[in-house]
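Each of the two complexes below includes subunit A, the first together with subunit B, the second together with subunit C.
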Partner chain A sequence: MAPVMAEAASVAAESLGGGRARAARTVLDQVVLPGEELLLPEQEDADVPGGAGEKLLRLNAGARSRVRVVCGPGLRRCGDRLLVTKCGRLRYKEPGSGSGGGVYWVDSQQKRYVPVKGDHVIGIVTAKSGDIFKIDIGGSEPASLSYLAFEGATKRNRPNVQVGDLIYGQFVVANKDMEPEMVCIDSCGRANGMGVIGQDGLLFKVTLGLIRKLLAPDCEIIQEVGKLYPLEIVFGMNGRIWVKAKTIQQTLILANVLEACEHMTSDQRKQIFARLAES
Partner chain B sequence: MKETPLSNCERRFLLRAIAEKKRLDGRQTYDYRNIKISFGTDYGCCIVELGKTRVLGQVSCELVSPKLNRATEGILFFNLELSQMAAPAFEPGRQSDLLVKLNRLLERCLRNSKCIDTESLCVVAGEKVWQIRVDLHLLNHDGNIIDAASIAAIVALCHFRRPDVSVQGDEVTLYTPEERDPVPLSIHHMPICVSFAFFQQGTYLLVDPNEREEHVMDGLLVIAMNKHREICTIQSSGGIMLLKDQVLRCSKIAGVKVAEITELIQKALENDQKVRKEGGKFGFAESIANQRITAFKMEKAPIDTSDVEEKAEEIIAEAEPPSEVVSKPVLWTPGTAQIGEGVENSWGDLEDSEKEDEDEGGSDEAIILDSIKMDTGVDISDIGSQEVSSHYVAQVGLKPLSSDAPIVLSDSEEEEMIILEPDKNPKKIRTHTISAKQEKAPSKKPVKKRKKKRAAN
Partner chain C sequence: MQRGLDSETKKQLEEEEKKIISEEHWSFIIEEQSFLLCEDLLYGRMSFRGFNPEVEKLMLQMNSKNKREEVKDEAVELDVSDEEMARRYETLVGTIGKKFARKRDHANYEEDENGDIKPSKAKKMFLKPQD
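So, the complex of A and B:
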């Protein structure tokens, strides 16, 4: 164990303002603020003030540890430093397999969507220009979508997309310098559920935090909602939900219930669902 | 940033819902959203919330020279701002069509209806008059800006107090609020705008449309009215043909709505007046509890107590039942007696115990440590306690004051415990320790009995 620490020690050697930086592991699930600096587990030992009196032996001081840590939303890498850019709670996900260092991100409450590569979103077609569609995704600028990026689309066989249609797709290009680009096919060329969303149903906006909550693998809300009425539902990571039930009334109820779920405890939610199931 | 466009499916859904007499937020056709009026610390400042639409009104005054053609009238000035904070689609510093239209409508509603007595704002005819400026800021946009803005404007004007002035000859004296109480404006009536949205060429009508309904509507009719049912302004936009019946029906609805809103405004004003007089907390700045954000919230640590009883019973069941309870005092040597358990006094049989010491010398460490563990609350596993009971035999022979052993060894013992049960959180350990203690007490006894017998021999 000791050699690993020693390797990592050199990584944080040049870290500035080490006195203020907190170890990421100690502030997990706590609130972090923009501008704060975090230390990854490998960097911690070097910055412990005093170092418990004795320095660790550096076996190969030149080498750096090669643990791959992913910085999710709300964190930014700045040289060797890890800076917080959003206010929220720090989260960590264990690496699934292999020797990765897991994922760190900040769970914040916001409404404005920032495109992220690989996110599935619901967009509205705002314009058709030449061979691309302009899609409003609720971000700072519209995304582009090629008409060839649909399942089975060729130059002759164009998809039937009108201005104002809803598109469910994912980002292939999303960075701060370029226009985001969407596709409606996966890497195998299959639609996989993406494409134009039907003409009926209701689209509404919720906060991004609620979407993440609803899309969590163990989310009870969706299961409970599913028991209420038969429904079709699409969640976009950009805070948009499209829902369709048999009648207008049911669709409206579902939309309002989902919106209200954000600030309800699970007990309150169960009460409401029970009341709805009766009526 | 561009405005989020309305998708075809939203439009279709909204129109179908309206045809079924349903609205997105569950309101009826003629229902207003909740109106909330709150006041600032200063006079003439208020925030009006109409559902999620919020408008801040602020009135200020200034002594200026009057317009040439109206030498004895004060000046009223209205200004509505649509900031980007309200909706990202609003561009700063640009007079959009919507803004011009709203400002115009407000002026017509409030100035042209002569709801404020401008002649009372004159100080010296032709030289000094009061200019009353009403600034309205849209803080959040969720449709029906004009209704919220007109309510905010009239509430702010009603709430406003201007400094008192006195004229003696050519001398005009302006009094600070400390010298003389500021005076309210004289308001004749309170015009309030009511918006009606028409859908499908006037087939359907909705009061107080929200933002999405405004996107879908074909035409808008705004009626400004006071509580005496006098129409102050009426404006139809969107280019739909309205029938006489429709306009009459709308004016009737407007009359009802205006009466309700006027009552609400008066109640809010009275309430604020009362609170100010009593010296209580007033104004929205004061009404924010300042601990709400800064206070730390302690999160409850979830402890699974569902199977605590079963677990405890399990442990009790597993443990050997106490075979016999020793309760009578045991006389070891004359002058030394013992009741119950505890570290046994071994003064009486010092000789033969030393032999045992040599036999089982290695194991005595464990038992001393065990008593330490009890104090520190470290977990004692079942295996541990069994070991203890077997080691206890050795302990008896040992002098209780051989104290340097535990300090050295405590580290190693704790490490061993961690290996035994690696994934227990501290909470669980605590409960377990208690049960282990309960269990340990009886399990000692048979051993002691054995020992006693041996001592007797």
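So, the complex of A and C:
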């Protein structure tokens, strides 16, 4: 891994120093550094030097297709180009049903969570004041959760939530100017699994990248873990995982495996699972 | 005392606005901070080997909801076939219409032995005398 990363970093540094922007298409799945500018596919013609380039420009100016591109986490819009703000690998997703453009983002690693609207997170109730609960979600400030934002809650029928309970909910308001707000119902008023997480179990913290890796549709780790013994897991996008199994020992094994699997190769992981399955 | 901008600065501002608007037409770049758009992630609550049956039901529901969005073109199964529907509708129009018809119009809704509505005859209108 080390020589590849060093080479990639040197290429990136060269492009930063030289001041030439690279085309996003050529940099997919490679390391990008903050401060780099990336060109979208339709703008690559503009950089071709010489007379031929100018002709190309004139021909294409009229026929420029308007593609809607989404820049995801780690990227910012800078004029017509994308500006990288986090270091990591550049990823691209094809547009699904022809809604144009596709999504670019940077696959970076971090431990600190920044609230994002629509994310499902695990929070800890820290205070109960009047009509709202203060929930600690691991961000810069606690989120607020109204007592009416539970399924079947009315002014007379209050939900049974105490300080210290674990809550699985999603954000409805999450930006840098306002206090984050979360709810435990969806837009139709149904709980969909959100609300107070039950008794017992263990809550621990991991990096945000590991959560996304574990929640990927084709994740082998989760499939293997599920074959070991009956268990329940809840993943919060703020880096928190809650696990519960029948005995305390099984719960602890599960927690250790999930924490360690970030830095293991797949062979090491298979060995460990084989040993666990035997015992 | 001068309130507001003078005409020169106003013109400059207008030009800048027009420039920005025309530049934006080239390609729309939208900023999103959420990973939900980027990667298809599974539902966050999971249960294995029957530990929590409600969560297992939810898993099936939520994960198939994501996949169902791709398969929208499947034809919906019909409980009632089209022909049956047309037949019923035909008879229904007459029966409900009867309810709101006045006495004179009842003649149009005469029924024969089976209870089906007879085809209506020509309406009797006032004939102007030819003289």
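Just so we're on the same page, the second predicted complex is superposed on the first by the 240 of 279 C-alpha atoms of A that agree within 3 Å, B and C clash if a C-alpha of one lies under 4 Å from a C-alpha of the other, contacts with A are read in each partner's own complex, and residues count from 1 in each chain.
We take it that a contact is a pair of C-beta atoms (placed from the backbone, for glycine too) under 8 Å apart; a residue touches a chain by one contact, two chains touch by 3 or more.
Here the structure is a predicted model, which is why all the values come from computation and not from measurement.
Q: Decide which partner touches more residues of subunit A, taking subunit B and subunit C as the two options.
A: Counting contacted residues of subunit A, the larger count belongs to C.
Q: Which partner does A:A216 contact after superposing on A: first (subunit B), second (subunit C), both, neither?
A: So A:A216 only meets subunit C here.
Q: With the two complexes superposed on chain A, say which partner A:G138 touches: subunit B (first), subunit C (second), both, or neither.
A: first
Q: In the overlaid three-chain picture, which partner chain does A:L82 touch, first (subunit B) or second (subunit C), both, or neither?
A: A:L82 contacts subunit C only, not subunit B.
Q: Of the partners subunit B and subunit C, which touch A:T126 in the superposed model: first, second, both, neither?
A: first
Q: Following superposition on chain A, which residues of subunit A contact subunit B and also contact subunit C?
A: After superposing on chain A, no subunit A residue contacts both subunit B and subunit C.
Q: Any idea which subunit C residues touch subunit A in the complex?
A: 23, 25-52, 55, 58, 62, 70
Q: Using the touch definition up top, name the residues of subunit A that touch subunit C in the complex.
A: 40, 42-43, 64, 66-73, 75-77, 79-80, 82, 91, 93, 96-97, 101, 103, 105, 114, 116-120, 168, 192-193, 212, 215-217, 219, 222, 225-227, 229-237, 244-246
Q: In the complex formed with subunit A, which residues of subunit B make contact?
A: Answer in residue numbers: 1-2, 4-13, 16-17, 20, 22, 24-26.
Q: Under the touch definition given earlier, write down the residues of subunit A that touch subunit B in their complex.
A: Those in contact with subunit B are residues 124, 126, 136, 138, 140, 142, 162, 164-166, 197-203, 242, 248-249, 251-252, 255-256.
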